Structure formats: structure tokens, C-alpha cells
């Protein structure tokens, strides 16, 4: 980028909101993957008008714009691999409006998910999407990726909670789509399209979110099994018994041990699989559900079935679950995480396939799953500095993706495609669909400057 | 070779997998909302320096020095990365490769380690404050630090300390590590600690020759001074053959306990440190866990609501959170209220408040907001540094709360109301 | 009456060729269901698409709780079939009995259960469609979560036949609620009825359905003797264990406000009959006039808004039904006899006054969005064969 371009941007956001220091460029070159690519300038807009001016200028000059929240994403989606502007939304971090009567909050994209929850909980409300990184990630990022989380088995994903938004189009024009109302009155539901668009269609500046009343009661269960197969069968059986738990999370032996290393909760290090199950609702109806779940577990040879006794115990279990991915990294310096999803009843098959792949490539692979919705996070452990190993990791992951697709699955359940899974996309979609996706992207972003060539190659 | 390149250190730098979980817990990041000030960013830059990708630029120095050492990042890192220790390592690297600036060098190398010089400077400051600052309100606050509110003793605690009479068969022989700040600014609190301990049947020794614990030197990467201080203090207390070493300062306690870790590869110090560090206790920890005292009697007829601020170096540094709360909950007649964000840093962090006044101020203001939310009459804490920072800010904001060191609630000899 | 040109393709290939022909012959294409529901200026060239051959259930996957079904199936028959097998698909609209599943999804017709049971996008896991550019596409599958690239499923739902025709859907199913009740209450005033619904939600009671009708709206409740005043119809479902308490809370809230009539239906067959009658009556009222206003509005504004509509429309001396979903704030104003445009625009104005939105607009207000809309249509329907898409922007 030219000096004049940078000083134009400087005029828009002011001196304190723009950086070109080498040091700062270095810390905006990464996300939570191993990929890298440095921006040429970092801009922190403080309001919609600034975002609009930045985009209008970038459009005019053809400069790439990579919108970024907290950079906790797992797909390479926020990496400015083509240089240009890193548009960092962290300073637009206010909760603008809460309207409990209508069950709506209006927030800026830089609000941290957990902070929104902390804000709502005292009023008896919450925002259901709860990605594991909720303490660190922004709402804008959640919407860009259509984040899921353990609770979405019962309550749905981010998409189901975004009613509308104010956003800035690639040209700099500010528009509102959807509304604060529960039904989108627009001629086409562009809100749904924006959720999960990974920064390729526009930049959100205000989000209208649906919130829910906190259910009056919940019960959390911890069940261990002697085999992953038993655990995955349990998962399928629970649902076919007519119970939709809030969450149904699974960890394999490797992950149980890592979680235990970090939290020291006394998890059974010898168990081959663990299920963390939660049901919520009215207090009278929970005991019955717990009873059914217990029966199903017993039928599937549960090793131990335990109900958490205190709120503190529940919190600890959830901390163990939310942090387990990082905790795994204690074993080896690097890890890579996939996000394949398969129909629930194919869970045992894919787990078995992953075990085989792990043996074939001689790589430790841990399996963490939002088992209730068939969404798996196989964690491949390696050392990023060992090039041989890195090559093997890529092959192993490609195989996992292929198998997931052959089981009727999809490449991504909640992390998005970004850069990481871009090469696999043509395995999942026909040329007609890919063409359509490209046309959609060009309709919003004719110059291909908004997070250019993420999800798929658009080209000039 | 830079210490960053030493194999085991370099390996530590590579354990961060950039998940970003630590970033939002860093109070300094929260003020800048710029990745460079978050732990993940700091670590990336340290690695860049280690790899020769980046020079030790002045911006880099700023990033490395603007850390509170609050340990939030380390506590929140699922991968077990000890962010604050890596920053400390980077500071040591900076001190070695570039040397310390005069503003840090003088206090760290000359004044703090030397009991006489330190007493002298506290005293001169007291005079300066009383003669120059007090009459001129515009000088009361320097770089956001409410200097006027800091009390400086005419005669420090250690000089005036005379051991109290104890019953023959005392339960414990306690070494009292007072700490510089308490010694010079909170003499009464130090006396309270002694009184409470003696009342509980302990013999209390407070050797006058004890020196600075080493926190400031260690924090800014001056390992030579840290080592000298540690060696001196350990020998002193070990020779006295005390059962435990008790302190009422969170940072001192943390440092003393950490001698064992900091010098774990130092063969000369190894055995000494293990023996010493195992004996160190925070005062609340000692009272509740070792002595198991009963506190339900209200010893100074206090009434009203109390809230508690966790010093970083206690809650994260030493994992002490339940003991002080149990004390406050058990005392009859007062109502304990948990403050939102009780364990977030107060913004003091030693010299940080002087070098980064804006960040420090903003962090303190958040604390003040949380204090307001509790509507408490008393804010209780357990560390002289937090005590002064909170007191200064409470007074500057004209809040009604009174700040107390936790020991004051347990000492019947102390008049609070 | 013009001659109508009905095409009934039997498979994808025939449908594709119908669409391709329409592209070459510059014909417009329209789903058959529209003929009854709207008065449209069709001509002999217009291709009226009848999907009734696409009526097969491909797979009911009991383990995954999904069903894969062709889009031409009658929505209500589809639901009855599922119910017989013990599965529950909670969406249900005024047109379910008369229209295909695809029609409902493509038009995003507001479900009676909109609210507690969410909307179409939460249930459509995968679909196949023939687009108006002639392409046959498949997206999604049986996976509950899927963010693989842009959400084309979300774009097609509610696209009102402007992008293409959905031919097959994979839907997420739910287990049947253990028990349900329908409750009817007569209110003296519409406004109080609406305030009561607000309180219910505040108490954490989430009815599966909650409809409010004005006094004239009573006419679509058949076989039940109601006095001519506003009515609230609620359906509460859930677990046996917790239902009694939900009902108690419900009745307690409502007891202070009702005028004189209340009825509780407990028998499942009777409940089904009740909704069948209700659906039928609403559908008849709609096709009778083919001219109604559908809206979405802010829930807390409903009482004022509805009261003003009632008051202002008196001058037209025209009876009309107001039906509002009290949980999400969607609703309809249906005149009992044909009305002119002035009436329609007056209703619209009142709705907009309260920040409500009239549904079914063809274009965005904003120019930038219209440009994008046009480009999207260029991708899906380059020859502009969609009848409902209109000529140009």
C-alpha cells in the first residue's frame, strides 16, 4: 500500500486507531491456526461511519480488507494473506440496546460473547450460542463463522439467533437487513446469507440478536465408557428415546487425560470415552429425562454414571470441556483441528476411521465431539517445525474430510472454510453450486476485496 | 547468546498455540484492544526477537514492560503457557542486552535492596510529602497515583518492633516477613499481625535485617539483585529455625514462595530454597489452614457490609481465595458481599502505575465501579500495594468506603470505628 | 378465465426441461398453489407448475431423526404420515392442507408455531432444487450443523419462487411432546388480551402456539360457541411432569382478565380437529378475498398498534379479521369482503407507524441492496422467468 493511502485511512480513524509498526503487523498476521499472512495496515474503526469511509476508500483503490474480531477463529479466515487492511472491530464493543420485552439485544460486533452473557444473566436472559472460545471471541466473529457450541443441539446455532443487522457493503454503503423483529420482512433473507459468510460479503456494524429466558433448572451428567463405540451408541439412543438434551459432548481417552492434566477434577483417566450430558427445562421434567438417559447408558455398558451435585461442579466440568483443546497442546507443540460433521448415527464409523488414520500415519489424534449433532473435532498433534510431520498431518486431515463426506457429512459444522478447508471444497459441492457461490460473492463484492479468496477462489 | 535462545526457554516460547483464550483476561489488553498488548501478542513478539525477526525496539520494550504481572493469562491458558513468566524472561533479556534505564536501575539496584538507603528515601519522601505536596492540592496526584493518601511512617515497624511476651509452650515459632511497603507505610497493620499471632499462641520473630523480598528486581528482570536478596532472606530465616514464615503482603508471599521455582536450577540455592519456600504462608492461609482459628466472634464490633479485593499475587500467585472469604463470612455482625470481578487487578502493579498511568488509571476505575456496585462500607484486601492503590482511588473518587487490611478485622486491639 | 398451461413434471429431468423451455420461450413460471391464493395477471403462456408428482417420502431415518421427502407432497398429509410413525414436524401454516411442502418453504409462510419452535431454517438440513437458470443443485445433507461455505439453503427459504424450485428436502424431526392442551379465552378487549400474552412470556411459559384474534376474527373458529369479543388461543405442550404447573401459571395470569368464556381441549383428536377447522376457515377467508396484509411487528407495540387499526378502520365500514402470533409478532389483517387499495394502504400505514413491516415486498428500500438483489437474480434466474420475481427492478 502507498503512503498516501495509509494517510487517507489515518484521516478517517485518527492517529490512535491506525498502526503500521512492524511489531503490530506481526501480531495481526495469525489466528488460532498455524497459517500466517501479515496486513499492511491495521485500522480500528470506532463507529459505522468510519467503517463506511474505510470500505468506500478500499473499494475505490481496490485494497483488500480483512475484517477481524478477536482472532480466535480456527479456519484461517481472518488472516490477511493478501495484505491490505486488517479491519479490527475490537473497539466497537458496546451493547447498544437491550429490549427484554421483545427478547432482543442490539450489540456492536466487537462485544465478547461471554461479556454479553454476563450482561444478560442478571436479567434472567442468555444468548444461546456458546462456542468453546466464548470467553475470548467476539459476537461479530461468531456471526461471521456461524459459530455453534455445545448448547446448539437443543437451541440451534448462531444463525437462528441473528434477526438482522446494520452492515456496510463493499462499496461503503450502510444498509440494514432484517430487523429487530422475529420475522425477516425483506424480499430475500440476506441475513441468513450473511451469517457464516466469513467476512466475504460485508462488514457488520450492529447486530440485532434474539435472546432467551434462562431455563429454570438443569441437570448435568458425566458418564464414562469402556469404548468410544458404546458412547456413540448411547448418543444415538438417547435421541431416539425422544429426549433432546441441551448438550451431548464426547471426549476420548487422550482428551480425558489432557482435561484432567489442566483441571485436576478427578476424571477417570482409564475410561475410553466420556459423555458430558446436560438437560434443561422445568424442574419437574428433568428427573424423568435423567432416568431415561441413565437407562440408555446402562444398556450401553456405561462404566460410571454420575450426576453433578453442585453448581460449582457443573462449572468445573464445563471449564474442563471448554479448555480441553488447548490442554491437548501440552502433549505436543502444535495441534490442528478439524470440524467435520456427520449424521449422528455415523459417529461410530467416523471415529473408527479416525483411529485407523491415526495408526496409519503414526500421529496421535484426539477426538472431541459435539456428539449430539455429529460434529467432530479431531485434534491432530504434531510439531510444526518438523516438515515431514506437517506433510503427514495434511494427508491425514484430507483423509478424514474425505471419509466424513463419504458418510454423508460436511467439511465444517461450525468453524467455517476460510483458507484451511478451501482446497477440499470441491469434494463437497458440484461445479454448479461452486459457481453459484462465486456469483453470490461477486454480487456483494465485485472487486473481490472483502476477505478476498476466502471460502473459495474468486480471482480478479 | 540471549537467554531467549536458551533451549528450554525457547521451547517455552513455542508452546503457545495462539488459541487466544488468554487475551481477554489481560487487563492491559482491555484498555488498548490491540493484540500487541494481549498476552498472545506479547509472546509472538518475544518469539520474533528470539528468532531475530525483530530488534529490541522501543515499542517492543513498551509492550514487554506494560505487563501487570497479574498472572491472569497464565491462569486462563489451557495449554499451560505461563505468560507472565515469559514476559519476565523477556524483561531479563532486555536488562541484559540493553541494560535498565536509570529510572529503574536506581531503585532496583541501589535503593530497595539496601535497608538504610531505603529507609532514608522513605523518610525523605515523607518530609517532602508533608512539606511540599500536602499544601498544594494539584500535586496530590502524580501520574494518577494519589500520593497524598499514602501514609509514611516516621519510624518504620522493624526499627520499633519489640517482641511480645508469649506463653512458654507456643504452638508455632513464626518468622514475620514484613515487606518494605508494610514496614514503611502500614506499621499499625504490622503490629496487628503480630498481636493476632501472639494471641493465637505463637511466638513471633521479626528480624530487623530482613531485606526486600526481591519482587521489583525480579519483575524487571534483574536476576542478580533478586538472587542476592533471596539468599540473604533465606539464610536469615533459616538460621532462626522458625516453623513458618508469615507475611501480610501478597507480593512478598508470592515471591518468597517462588524462590524455589526461580532458583530451581541454581545448585547453591536449591536446598535452601526448598526448605524456605515450603514454610512461607500468607497470613490468612496460616490462620485458617494451620492454626484453624475460629473467627466468628466479632473482635472489633464492626457493623455493616464488607467486600473483598483479591490481590493478583494471592489469588493467582498463591491460590489463596477461600481463606480470606471464610474469615469475612464467618465474622458475626458483618455482611459479606462478593464484588463483581473481585479477582481482577487493581491497577497498581508496582512501578507499572508510574510508567503506564493511563492504563493503570483505567484499570483502577473498573475496580472502583465494581466497588460501587457492592454498596459495601468496607473494602478489605490483603496486600499493601493494593491497599494504597484502592485507598488512593477511593479517596480521589470521594467514595464513602473505608479500606482495611484483613488482619485489622481480627485484631481486637485495633480501633476501626 | 384464461386457458391455463399446467405442467406436471414427473422427475427432475422433466422439471429441468420445463424450466429450460421456459427460458428459451421467454415464458414465466409459477407454482400452481398461487392461483387460489392470489389474483395474478397470468396469461396462456404462463407455465403453471404442478409438483404433485414429487410426493414421495424418500427416507425416514429413525436413528438420526430426519426425513428426506420430495417437495411436492401435501404439507398436511406429510405431517399426518409422520405423526403416525411417531415423529413430529412442528411447523404448520394456514395453507398446510392445500399446498405443497415446497410452496410453504419457498414462501416462508409463517408457521402457527413460529416462536417456540423456530422457523424453517432450523429444520431444513439439506435440499435439492432446480434453479431458474436450469441447474439442479444439491446442498446440505442430514447434518444438524453445516457452515460449509455460504448459506444457500437460507437464501432459498422464503425466496418466493424468485430463485428456483425446491424439489427435495431433508428435514430435522423432533420427538412428539408428551402432552398438549389447547386453551381458548374470550377477552373483553383486544388490548388486554395482548398484555396478558406479554406476561406469559415473562413468566417463562412458552406456548407452542399463541394466537390472538379480534372480535370479527371469531368467525374463523367454527363449532365453538364464543361471544363476539377478542379471543386468545393457546396451545401448550411439553412433558407430563411439568405441564400441570405451566397450565396453572397460565390460568392464574389469565384469570383476572377474561370476560366469560374459556375452554380447555385435552383430547388429542379434538385438538387435531380444532386446528383442521381453524386452518380451513382461515384459508377460506384468505382465498375469498385474495387480498390481505401480512405483517411482522414489535411484540410490545402490538396492543397499541392493533387498537389503532381497529379504531381507524371503522370508517371503511368493512369487517376484517386481525390474527396475531403473540410470541413473535407476526400476523395478518384479512378483510371479510374484497377491498380496494386505499384500505390496504391504510392498514400498511398504521402498521408502519408502529415500526411494523408489511411482508411480501418485492424489492429493498436501499439502492445498494437492490443492486445486489439484481445480481443475485442474475445468477439464479438470468432470463427472468420467475413470475413472482416481476419484470425488472
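In this document, chain identifiers A, B and C correspond to the written order of the chains, with residue numbering beginning at 1 in each.
As a working rule, contacts are C-beta pairs under 8 Å (C-beta built on N, C-alpha and C of every residue); 3 or more make two chains touch, one makes a residue touch a chain.
None of the values given here were measured: they were computed from a predicted structure.
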> How is the touch graph of the chains shaped: line, ring, star, complete or other?
Replying inline: line
> For which chain is the distance between its Cα centroid and the global protein Cα centroid smallest?
Replying inline: A
>> Taking the mean of the CA coordinates per chain, how far is chain A from chain B in Å?
In response: 38
>> Roughly how far is chain A from chain C, centre to centre by C-alpha average, rounded to an integer in Å?
In response: 31
>> Need the CA-centroid distance for the pair chain B / chain C, whole Å please.
In response: 64
> Along chain B, where are the residues that touch chain A in the complex?
Replying inline: 14-15, 17-25, 33-36, 40-41, 44-45, 48, 53-54, 57, 59-60, 63, 76-80
> Across the complex, what residues on chain C touch chain A?
Replying inline: 61-66, 108, 110, 114-115, 118-119, 121-122, 131, 135-155, 157-160, 162, 174-176, 198, 201, 204, 238-242, 245-246, 296-300, 327-330, 356-359, 361-364, 366-369, 372-373, 375-376, 378-380
>> Under the definition above, what is the set of chain A residues touching chain B in their complex?
In response: 19, 21-24, 26-28, 30-33, 44, 70-72, 88, 90-91, 93, 110, 112, 114, 133, 135-137, 261-262, 323-327, 329-330, 333-335, 385
> Okay, in this complex, where on chain A does chain C touch?
Replying inline: 99, 101-103, 145-146, 148, 152-153, 156-157, 159-160, 169, 171, 173, 175-177, 179-190, 192-193, 195-197, 200-201, 213, 215-216, 236, 239-244, 281-285, 287-289, 341-345, 370, 372-375, 408-417, 421, 425, 428-430, 432-433, 436-437, 439-444, 455-456
